[in-house]
Amino acid sequence: MAKRIVVDPITRIEGHLRIECEIENGHVSKAWSSGTMWRGIELILQGKDPREAWIYTQRICGVCTTVHAIASVRAVENALGLEIPMNAQHIRNIIIAAHSIFDHIVHFYHLSALDWVDIVSATKADAKAAAKLAETLSPWKHNSAREFQETQDRLKKFISTGQLGVFASGYWGHPAMKLTPEVNLMAANHYFQALDYQRKINKVVAILGSKTPHIQNLAVGGVANPINPDSQSTLTIERLVYIKSLIDEVGDFISDVYQIDVAAIGAMYADWTGYGEGITNYLSVPEFPQDTKGETFLTPGGYIPSKNLSKFVEIKSFHDPYFEDNITESIKHAYYKGESNLHPYKGETEPNFTGFEDDGKYSWVKAPTFLGKPAQVGPLANVLAMFAAGHPPTVDNATRVLNIASSIAGTTLGPEILHSTIGRHAARAVRCGVLHDVINKEYNSLIANIGSGDYDTFNAPVFPKGEIQGVGMHEAPRGVLSHWVIIKDGQIKNYQCVVPSTWNAGPRNDNDEPGPYEAALHGTPVADPENPLEVLRTIHSFDPCLACAIHLYDPNRTELTQVTTNV
Amino acid sequence: MRERDIITQRLGISRRDFMKFCSATAVAMGLDASFAPQIAQAITAARRPPVIWLHGQECTGCTETLLRPSHPTLDHLILDLISLDYHETLCAGGGHQAEQVMHQSIKENEGKFILVIEGAVPVKDGGVYCQVGGKPFVDTVREIGPKAAAVIAIGSCASWGGIQAAAPNPTGATGVPAILKEQTVVTIPGCPPNAQNFLSTVIYFLTFNKLPALDSKNRPLFAYGRLIHENCERRPHFDAGRFAGAFGDAGHRLGYCLFKLGCKGPVTHANCPIQLFCEVGSGAWPVGTGHPCFGCTEEGVGFNTPLFTQAKITIPTPAATPPPITTEQESQVTPLATTLTGAAVGVAVGAAMMAGKKATSEDEE
Amino acid sequence: MSLSRRDVLKGAACTGLVLASGVNAQARDKTLPPAALGILYDATLCIGCQACMSGCKRANKLEPDPSGNESLWDNPTELSTKSLTVIKQYRQNETEDKAQTVKSGFIKRQCMHCVDPACVSACPVSAMQKDPATGIVTYNKKACIGCRYCQIACPYNVPTFEFDKPFPQIVKCQLCDHLLAKGDIAACCQVCPTGASLYGPVELLKEEAKRRLALPEGQVALFPANDIRTGRTVSHTTAEYQQHIYGEKELGGTQVLLLSSLPFAKLGLQDLPEESYAGVSENIQHTLYKGMILPMALLAGLLYFVKRNER
Amino acid sequence: MSPKSAPLSSRIFTWQFAFFLLIACCATFFIVKRFIFGIGSVANMNNGYPFGIWIALDVVVGTALGCGGYAMALLVYVANRGQYHPLVRPALMASAFGYSLAGLSVVFDIGRYWQMYNMFLPQYMNLNSVMLEVGLCIATYTTVLWIEFAPTFLERFGLKAPLKTLSKMLFIFIALGVLLPTMHQSSMGTLMIIAGYKLSPLWQTTWLPLLFLFSALCMGYAIVIFEGVLSQTGFKRPSEAPMLAKISRVMNWCLGLFIGLRFFDLFTRDAFGLAFTGTTQANLFLLENGLLLAAFILLLSPALCKKPAIHFLGGCFVLAGSGLFRFNTYITGFDPLTGHTYFPAASEITITLGIVAIEIMAYLIFVKTLPVLPSIGKEPHKI
């Protein structure tokens, strides 16, 4: 008989998520995800000035900070047909790349590594052996035995206080934990180091964006950073050089630590390359525009149906109708009234709570579809698209990560392993390398542009009488983000966000095809239903961000039939 | 004082029970039972103050800010300074496991732990708009709040509702002080607040064993005692009447005051201009980079007054440039006044002329 | 009932005497009171910080006066009911004053506390009074009827009137008279960082002003600050002074004395005669009405003619 | 007392009357506003121009227009020209109105009106103040005017006894009625001497008291002529032209004295050059004196004076020119040199017009209900 478990709250994510699974024969057979918080930001936006919508939308999420701001200004600019000065594009691009790098590092080390790494086990490791192992894997300068010993002492001291704090609830000693104490110690060491490097790359965001989380340098029409190399109160040479030195430091961490750790852990959990494939229609959008209109890009994006890279269709610009016209949202299995498969511009959000019906309506998250099919979004989708487009930095980074993993695992691991729970982590590490290449290029472009005497950063928006509409697309750290805005007489009439977590956490669509979470959980082994670590592994690999996903929540409390009492 | 007495006094249990507890703890953590004496020693030694961190209607931005400071770093904070017993974004375990640890900590540390609340509390429709662990968040706050030694509302959402409380406030979002009316709830508004303001408050409490001095909205004076306008690096430009008129214009590139772009510095209490963000040095705050402040720390300003709407100067101070010797006052001539004057003179002259004419004609008759 | 012409004349004469010996028919005293207090404002030391304006507002509990540009600042362009003192700045007009060496300068406007104040002379109800000891010109709202004749009369345009209030008052600097009892000095001098506004007995201030005029230009010298009697000094490089103490003789002299390196006319201070307008006005008035003799004689004549011609 | 006076018995409420009533109502609205929100809410007066049109027109020009009684009393009782007596009563009435309404204007012009009585309290009186002299004198004279005018009421209501008593004492009031305007009309000139440099040299002179006295007399006679002609045409009354022609001769003497003194003063002070600088002040000076000179020349010939149109025109010119002289002395000739400007606000003007409207309405009521105008023995047409 199927055993039903409830995990609420799902931790180490943004927002409030509740996951329910049916477990049959030690594997997940069915899954449901439910967001448990609604804030009504789209409602709040109605009637507001489109020039400040980004201030509001950015607060949708403090982890995917910046991304909703970027998508918002792009949506309004798209509606106006407004061009953006090159300096503004480069500054935005540097912020996007830096934020994504930060997000990937923190996701791996601080939000998901504890699913794979047993911190307590690290206290039993031989620090010298661990250091030797690390040095064989990487030229990283902070892998000395002394540093490993310090980390271990620190952990021991911490554990011996008996106050384990956030680590108290960990799955220490769980049967699914397979790393040796030495590898655990190496990962723990890097857990702490990653805290330093995320701080460094965040500084890039802070220098340009005023602060982070929630940057405050954007404007519909450009950025608020004035450029004048001969004035004190602007983006000075000192600020720019500071950015460059931070970029360089973090570059070493990505290539010498992050990518190697992911490859190593992936190789050691090679069985997990077989779990969590889920939906294999991949959608991503191009990013890092290289002109004022958003028609040429540094990284490509597009659609890959059924993991067939040869059928890749590239999305060519911010106005590409292939993207704008082919998205619909299914509400067959979501608690909404009205017509299903509507385009986001026409999106309705009239609630229709029916109670939980396994085969009927069961979620507050809509099911977006591309060309009528569910699609997986995120770094994996993006990496596969760039790979399919033959994007050289992607090919280089992917080859590197796969080669390292192959050599550790002792077998050849090809790109096909990417369609898995571990594959999503690997793709994130590959993308992080690509992003570092991007941020360097963007930095150089910005310097060159300023050097050419172009100091423009802003084109003032002018709102016409009547109704206009636009979409802002953005390849965010968690995947395709799109904001859809309808503006009437200079005021927001309707605002819809189709966000990465909606794509991935969505329920079954009109054709009863499951969403990516549900599909990926299918078949995931659960050794101990009381401690469903494996469920967390797969869910965490998507990097869920629930605050973004929930558009509306039930005014009446959701009551679930609980098979087990494990709440 | 003997160890036994300490144990009895602190924990209210016998030594034997206590050692049993330590062994169980060690096993629970996946350690040998041989860790028990060490744990026992640690527990009877100075304990790190427990902190329970709850999330309501929020975006996790406030938690994110803790990743930015280097004094203390997040790891130093949670490994050495406090015992962060529950925090959804950082908990190693999930669901049931995490909840259990939280409830245990609250039980053991009643009246001793610091409660940090991030996010607003929706109260409309019984608080269903935010539920954690199957329970409306407002109920959780009401239940745990009174058991804490100190309650800190981090961020504008927890302080007064923040963004979701913006009109039309669809979920009835409000701040923690409005829920825990019987207690002093320290508020650290900001969207997100500067992590240093939060950390300083916590460390103030740990160091001096009392809450910092607060203003009328329960904000620590050390961080919110002055208007942004009073410490702003662009203030001299304001005083001298030098303003940026648009992003990227000549004034903007010379670092002029952003008041005319809608900067809310004159009505917002915060230390942004002097504390700065993310430890990157000069100019690392919104006004420093060239964007107007939108008043995120001030209830009724942030998410309330439109971004480009100019703030009202409540306490004007002299401008840097005194007025000229003679200021030509504006002309007071209005069309209505001139019309009236003209009409009055016209009527008088006309009447006189008519009368004169009549007099003449009668005279000639 | 009939009145003899003689009776009428008697009555008229009595009325005149009563009027002439009225309580406030004080004799004109055009000399500086012995303990006269005042301010020496040295524009060459003023840096335009306007601390005096802020200090004045605090001491006199005045509201901000954002009447200047765009209502952003507390910077009145003129003395107002909310600003008893104003710092103004002269800036050189490039087209007109090319040869001029001093390009800019400040001036502090406030009540000059005249030795022979026109406002005191003009006020019909003695609301403006000159303190017989300190010479401070004070205002008594209990007496004032709000006719604003003091404003017409003041040659320095000092008194201001609350046109925006239903129950208005005249407002002017009273040299922080209310602080003197506490042993404090005028707030503007108390807060002045450079000693540009110096408080003290007018006699001492005059001596100090003369000493400054004699100082050679460009040398470092000590200048008394805040209150000339305390001996506190600050060091400055001397400027080139106009050899004129504004207020020493203007309209009979003032208790606020001004020094500047710019011609006073450029600072909006009129070139004024030594005889006060109040004096001229009062002379005419007293010539005509001294003891009401002239009017009474006239009345007598009129009565005679009217009686004679009334038929 | 010589020829009898009688009320006009035509209808009071005419369309003209309604028009004046409307103006008066508008004015009342603004007067109420002034008492609730302060002077600044209805007037443009400011710290540079503390006196506005309420003082300059309603009081300074208004009382001069009310000098008809004064001028005629001087002529009839002092110069013993009894033949002008029929003109005295209407002139007195106009004077009583002029002064009373000037007094009314002062109530809402004065900032602290509730303390106005301080002027009459010896402990507050400042005998150095010209303003005190003017204030007390005007207050007294207004009372005197109503006493002088009282016989009209007493006649109307047939109160013989008080009329008799009053008649006996009237000579005192008549004498005072000549003395007081002499005092305060000259003092209104003295009033501006203390303004010093703020008043342009075109007007600022120590001769101001005498100039104001002469201008008051000129305007007094001019208003008698003006009203005489107007009531003649307005109420279809028989012509008083011969009498008015003679008064215009008297007026011209006064005017001659005024002009002589004015130009003598300007030349001796070397201020005449300022008249041709093209400024507003200078132009108004030229207009003022142009009007007066024109009147003077027009009325030089005794033959021409006899024509009603001529003496009416002359009277009008004197009223305009002399009124302007007074207005200029208080407003346009005045400049505090602080950058302040003054132009009356519409509401401020409305109040002044309202005062004029009330004056005209009261005049109409009085002449139609009281024996003011000389009796002519037949019913006049209604206007």
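List of remarks:
Residue numbering begins at 1 within each chain, and the chains themselves are lettered A, B, C and D in the order written.
Assume a residue touches a chain if its C-beta (ideal position, glycine included) is under 8 Å from a C-beta of that chain, and two chains touch if they have at least 3 such contacts.
These numbers come from a predicted model, not from an experiment.
With centres defined by CA atoms alone, the chain at the far end from chain B is D. Between chain A and chain C, the centres computed from C-alpha atoms are 74 Å apart. Averaged C-alpha coordinates give centres for chain A and chain B that are 28 Å from one another.
Mean C-alpha positions place chain C and chain D at a centre distance of 34 Å. Centre-to-centre, using mean CA coordinates, chain A is 89 Å away from chain D.
Annotation for chain A: no residues touch 2 or more other chains.
In chain C, the residues that touch at least two other chains are 77-78, 268.
Touching two or more other chains at once are residues 46, 48, 337-340 of chain D. Listed by chain label, the pairs that touch are A-B, B-C, B-D, C-D. Taken together, the chain C residues at the contact with chain B in this complex read 48, 50, 53-54, 64-66, 68-69, 71-78, 86-91, 106-107, 266-268. Within the complex, the chain D residues that touch chain C are 35-41, 43, 45-48, 50-51, 76-78, 80, 82, 110-113, 115-116, 118-119, 121-133, 135, 165, 168-172, 174-176, 178-179, 182-183, 186-187, 190-198, 206, 209, 334, 336-340.
Listed in rising order, the residues of chain D touching chain B in the complex are 44, 46, 48, 226, 229-230, 232-234, 239, 241, 307-309, 312-313, 316, 337-346, 348-350, 353. Only residues 238-239, 241, 259, 313, 315-327 of chain B touch chain C when the two sit together in their complex.
Across the complex, chain C meets chain D through its residues 1-3, 8, 19-20, 22-26, 28, 77-80, 118, 120-127, 141-149, 151-153, 155, 157, 159-170, 251, 268, 270, 272, 277-278, 280-282, 284-285, 288-289, 295, 298-299, 302-303, 305-311.
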